[in-house]
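Heads up, the next two complexes both have chain A, just with different partners, chain B and then chain C.
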Partner chain A sequence: MRTATLQKNDLDRVIDLLSQADYRVIAPQNQPRLDGPDSIDVAVFKEIQSGDSHNIGEGLSTTGIKPFLFPKDEPLFAYENRGKKVVLTEVSLDFPKTVILGVRPCDVASVSSLDAVFSDKNAGFNDELFTKRLEKTTFVSYSCTEPDVSCFCTSVGLAPDSDKGSDLHMTELPDGTLHVEVKTKAGEKIAAVIDALLSGDGDAVARQQAGVAAAEKITRLRDSAPILPWLQDLGNFGDEMWQRLGEKCLGCGACTFECPTCHCFDIVDENSGNKGYRVKFWDSCQFDHFTLHASGHNTRNSQFERYRNRFNCKFKIYEDVFGEKGCVGCGRCIRGCPVNLDITEYMAEVAHKAAIPNAMSADPDFE
Partner chain B sequence: MPNIYQPNLMTIKKVINETPDTKTFHLVFQDEELQENFEFETGQFGEYSCFGAGESTFCIASSPTRKGHIECCFRKTGKVTNALFELSEGDTIGFRGPFGNTFPIEEWEGKNVIFVGGGIALPPLRSVIWNLLDLRDKYKDISIVYGARSVADLVYKQEIAEWEARDDVNMVKTVDPGGETDDWDGYVGFVPHILENDFKPDPENTVVVVCGPPIMIKFTFEALERLGFKQDQLITTLENRMKCGLGKCGRCNIGSTYVCIDGPVFKAAEIDLLPPEY
Partner chain C sequence: MIEQIREKARELLESGELDVVIGYAEGSDPTRTTPIFCRKPEDTDKLVLDGRCVNTLPAYLNKRHEYPKKGWKKTGIIGKGCDIRAITQLIAENQLKRDEVYIFGAECEGVVAHPEKWDGSLHEGNCASKCSACDVKIPLDTDFYPGEKPEVDRSGPYMVSAPALATLVKMDDEDRFAFWRDDFDRCFKCYACREVCPHCSCNICITDRTMPSWVDQAAHTKGVFGWHLTRAMHLVGRCTGCGECTRACPVNIQVDLFNQKMKEVIQESFDYKSGYSMEVKPPLITYNTDDQETYIR
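Right, the complex of A and B next:
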């Protein structure tokens, strides 16, 4: 498929052209974290209008793109109690044509993990609130050149320049230009819209080198694949490491809410008078009530068991059920954890227990 | 088409007060075509909702051989079940389902079948008991061992009497020590104990279906294994907390097994391969 060069300062024009072509454009933008003068700006994906400033290619967003496919809370239908009768009203499944611009490789790869759960590939049940949004969404991804200290995409089969799940992929080259690669039909449509800004067929060699240079900056565990057999051995479910490493976890759920692949939710009625909405909203396996039975029995009764579930969800359950990893190595759960619980520490510990040579990080902190 | 989370509406045709805190509903779909065509198999469950309170998971307690309505039986233990408890005949509830796998009743043909249930765990057994009784010729001896904390906690009292009266059913009932009344004519003792020491079933050509709280399942399986039963003769249903029933909300998993789509019916041998999170 087509490759080309785009000037970085033409990204504003890209936003203009896409907006004119009736796309809702989502892009990372700076937003103050707190109110008041001491606040620092953080990057957040938001809808952007022509002329708004963006920070595509600058740093990492605190929250990913998950809310645009699987919102934090959303109504499933409306109900109205009328005496003995109930009237239900469907919610619209007509979602706007959307392009998410400047999404990082880990985040765009995470869409496949969500799709594995919500699409009919999973037990034949199609959650159209997700799949219909996905059908309407095009992903324009952007390689990382400056991975953060918490990033470990290279441990989960990805890389700072990978294009898995992308429709149109951009890589910033040392000369400041962008190497553009069209990946899918949806990406071709985007390329057609911004055609006037594209020139030549890019510089594949420089793009390759940029990817290698970025990957070299990642210092964490090399490859998580060999830890799977150890996790699949039921005898290791009771291993002492789970309690030892998991004891400090507070059960706050920050790791799951910031995680691009976490998909767990609750279903609750938001009632007002005789009517309301049944609402699906994010939940977390880190919360103590998550698995609490009506009888009072809790299948994951202590916090370390809940974190053991989270780790297994990412590196074993996803592999067993969907044949892929549930973690894209974005590092958000590491950055966001108030007690510095580090998922790669678990990975390194398992690698150590399983005596996997060379699986450990070069970073002495993780030996 | 509504999305997969939107329930179908059902009318409560009949309410049976089983115990002071347990009720049975007889339910029919308000959509006539669905009422006509609805099918399920024994062992499956549904998500039942009271609009304004939310959804709760119960098995379908009636047998697929009995058409015309489905039944659910629940104890009031939380927000949703409390709200459902307040409903009466003619009221509307929501239903999503049927979900989950089924009891492998074809595999049991030509065998003796023993049902062992504790407390409120009789409803899943009731569905499969009536299913087998409606196909009575296909099975050899059918026995039901049912226990509750006290006489007042026994559900389906009328049906227990019906089963006792039949000469093709062996009905064994028990209540926990201290739960008996003066006129109690059953055993007094915990289910696994009565099973092992009084009922003493012969493992030859027999399957046992056990439903109850996790601790009861564990002790019952152990008692049966001491009597010589092999793991592939033992079957149960698990009741992890559920919300979606669709394998999506993520809370019912036991390791890589999702009770809502891979279960709720499991063989003892399958349970042995699961981490102890049930």
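Right, the complex of A and C next:
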């Protein structure tokens, strides 16, 4: 498909043209900061209007694009008690035509992990709230050139210049221009809208080199190949490492909510007088009441078991059920963890244990 | 300094006087440290103590976490001044007994506001604002302190340290509400602010209660305001100002500004600073016949 060159400072024009073509444009934007040293830089994906400043190409946003496909809360329907009748009102599934601009390769790859759960490809149930949003969404991805210390996409089969899941992929070249690759029909439509800004065929060699140079900057390198067979050996479910590495976990949900592939949710009726909404909202397997039964029994009674579940979900359950990893290596769970619980330490530990045949798994000194 | 703490910790683990020493070890990248539970004497070699040690470790002493399940008879804990203030408050609130813990303290030079700001040293540009108004750099109550512990005058009133609070209180109500509404828009209710807090002590948090549901669980505007304002009110007169709620927030919502403001109110109304006495009870969890009633009109 088509390749071309785009000037980086034309990204503002790209936003203008897409807005004029009736796209809702979502792009990463820096959030305002308060005075004083306690404030840190935070960038999130938000709807952008012509003239707003964005930070496309400046590092990985703090949170990903998940909320635009799977919002942190949304009503499923409204209800009202009218005498003996309950009147239900469906929510609209007419979502706006949307383009998400400047998505990093890890984030755009994560869409397939969400799709695996919410579409009927595997699960046999089609969650229209997700799939109808996805149908209306076009992803314009943007290669990483400066991965940071927490990035580990190359350890889970991706790369800083991956275009998996992308409709139109951009890579910033050392000369400051963007190499544009159209990947899908939806991407062609975007290319047609911004056609006036595209020139030539791009520089495929420089684009390749930019990808290689970025991958070389990644320092968190793990061998993920031994992980699946090690986890599939159920004898390792009781290994000492789960408690040793996981006992510092305090049980917040920062890792799961920042994660682009975590998809668990809860449903509750929010009542007000005789009417209300049934609401779907994000839930986290790290919360102590996530597996709490009505009887009072909790199947994951300790925090380390909850993190063991999270690791198994990413590297075993996803593989078993969907044939792919549930982790894209964005590193947000590492950056966001208050106690520096690091998923790549688990990966390293598993690789280490898998390399030692018949290793002693239970540590007798550990209480 | 850390050498002496390591040596003492090793000695007490070897003798069996302590079951565990909770401290800080090197983290998974050079800007970070991470909590460590030293059970074996040789684990103490891993202990570090410097400006990267941001965690308030007494959160692990809170009964909400798994501390009581571990069956430790005596727990060693390494504390900065502000951490020890948190321990003092836990004891004042009957959440912990003094003889259950052995406190290792050391002079603190301050900590970095957030690990991502660590550039190899601590300086004005990256030091947490709480450290600028700190009167416990020499910690309050310790069982082990390397060297001679100097006497410090801590009789001064509580002082707000966050510069951002001055900006916020100058705003009119509408602007301030708009500010929080926009900031809270990022909140997805991961409850990192709750889990890192040494003083969030409820066995079942009010936001997790569903029969009835007091606070909407979903992270919409109402649910987020419901959570943060409830949290702020529940910590009035109890928060010891470690600032971990702000530091731990993955989306940079400075929730400790509520706590700082309320600490100022408690100082003015009750002349009380939390975390300085194991005997004096926090004003809002006690009842006295001479309590002010000026708010009843």
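What we mean here is this: the second predicted complex is superposed on the first by the 343 of 367 C-alpha atoms of A that agree within 3 Å, B and C clash if a C-alpha of one lies under 4 Å from a C-alpha of the other, contacts with A are read in each partner's own complex, and residues count from 1 in each chain.
The definition used in the following text is that contacts are C-beta pairs under 8 Å (C-beta built on N, C-alpha and C of every residue); 3 or more make two chains touch, one makes a residue touch a chain.
Predicted model, so just to flag it, every value in this text is computed and none were measured.
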item: Contacts of A:Arg278 with chain B and chain C, given as first, second, both or neither; value: first
item: Chain B versus chain C as contact partner of A:Val117, first or second or both or neither; value: first
item: Chain B versus chain C as contact partner of A:Asp266, first or second or both or neither; value: both
item: Partner chain in contact with A:Gly176 - chain B first, chain C second, else both or neither; value: neither
item: Contacts of A:Leu93 with chain B and chain C, given as first, second, both or neither; value: first
item: First (chain B), second (chain C), both or neither touched by A:Ile334; value: second
item: Partner chain in contact with A:Gly51 - chain B first, chain C second, else both or neither; value: neither
item: First, second, both or neither for A:Gln303, with chain B first and chain C second; value: second
item: Intersection of chain A interface sets (partners chain B, chain C); value: 266, 268
item: Sites on chain B touched by chain A in the complex; value: 2-7, 9, 11, 49, 51-56, 75, 77-78, 81, 90-92, 94, 213-214, 239-241, 243-244, 246-251, 253-256, 258, 261, 273-278
item: Residue ranges of chain C in contact with chain A within the complex; value: 27-29, 31-37, 39-40, 55, 59-60, 65-66, 69-71, 113-117, 124-129, 162-164, 166-168, 182, 186, 188-192, 194-196, 204, 208, 210, 213, 216-220, 223, 243-244, 246-248, 250-252, 254, 256
item: Complex contact set, residues of chain A against chain B; value: 76-77, 79, 81, 84-86, 88, 90-91, 93, 117-118, 122-123, 125-129, 234, 237, 263-269, 271, 274, 276, 278, 280, 283, 285, 290-295, 297, 299-300, 305, 309, 312-313, 316-317, 320-321
item: Chain C-touching residues of chain A, taken from the complex the two chains share; value: 31-42, 44, 62-63, 72-73, 149-150, 247-248, 250-254, 256-258, 266, 268, 270, 279, 281-282, 284, 287, 289, 302-303, 332, 334-336, 338-342, 344-345, 365-367
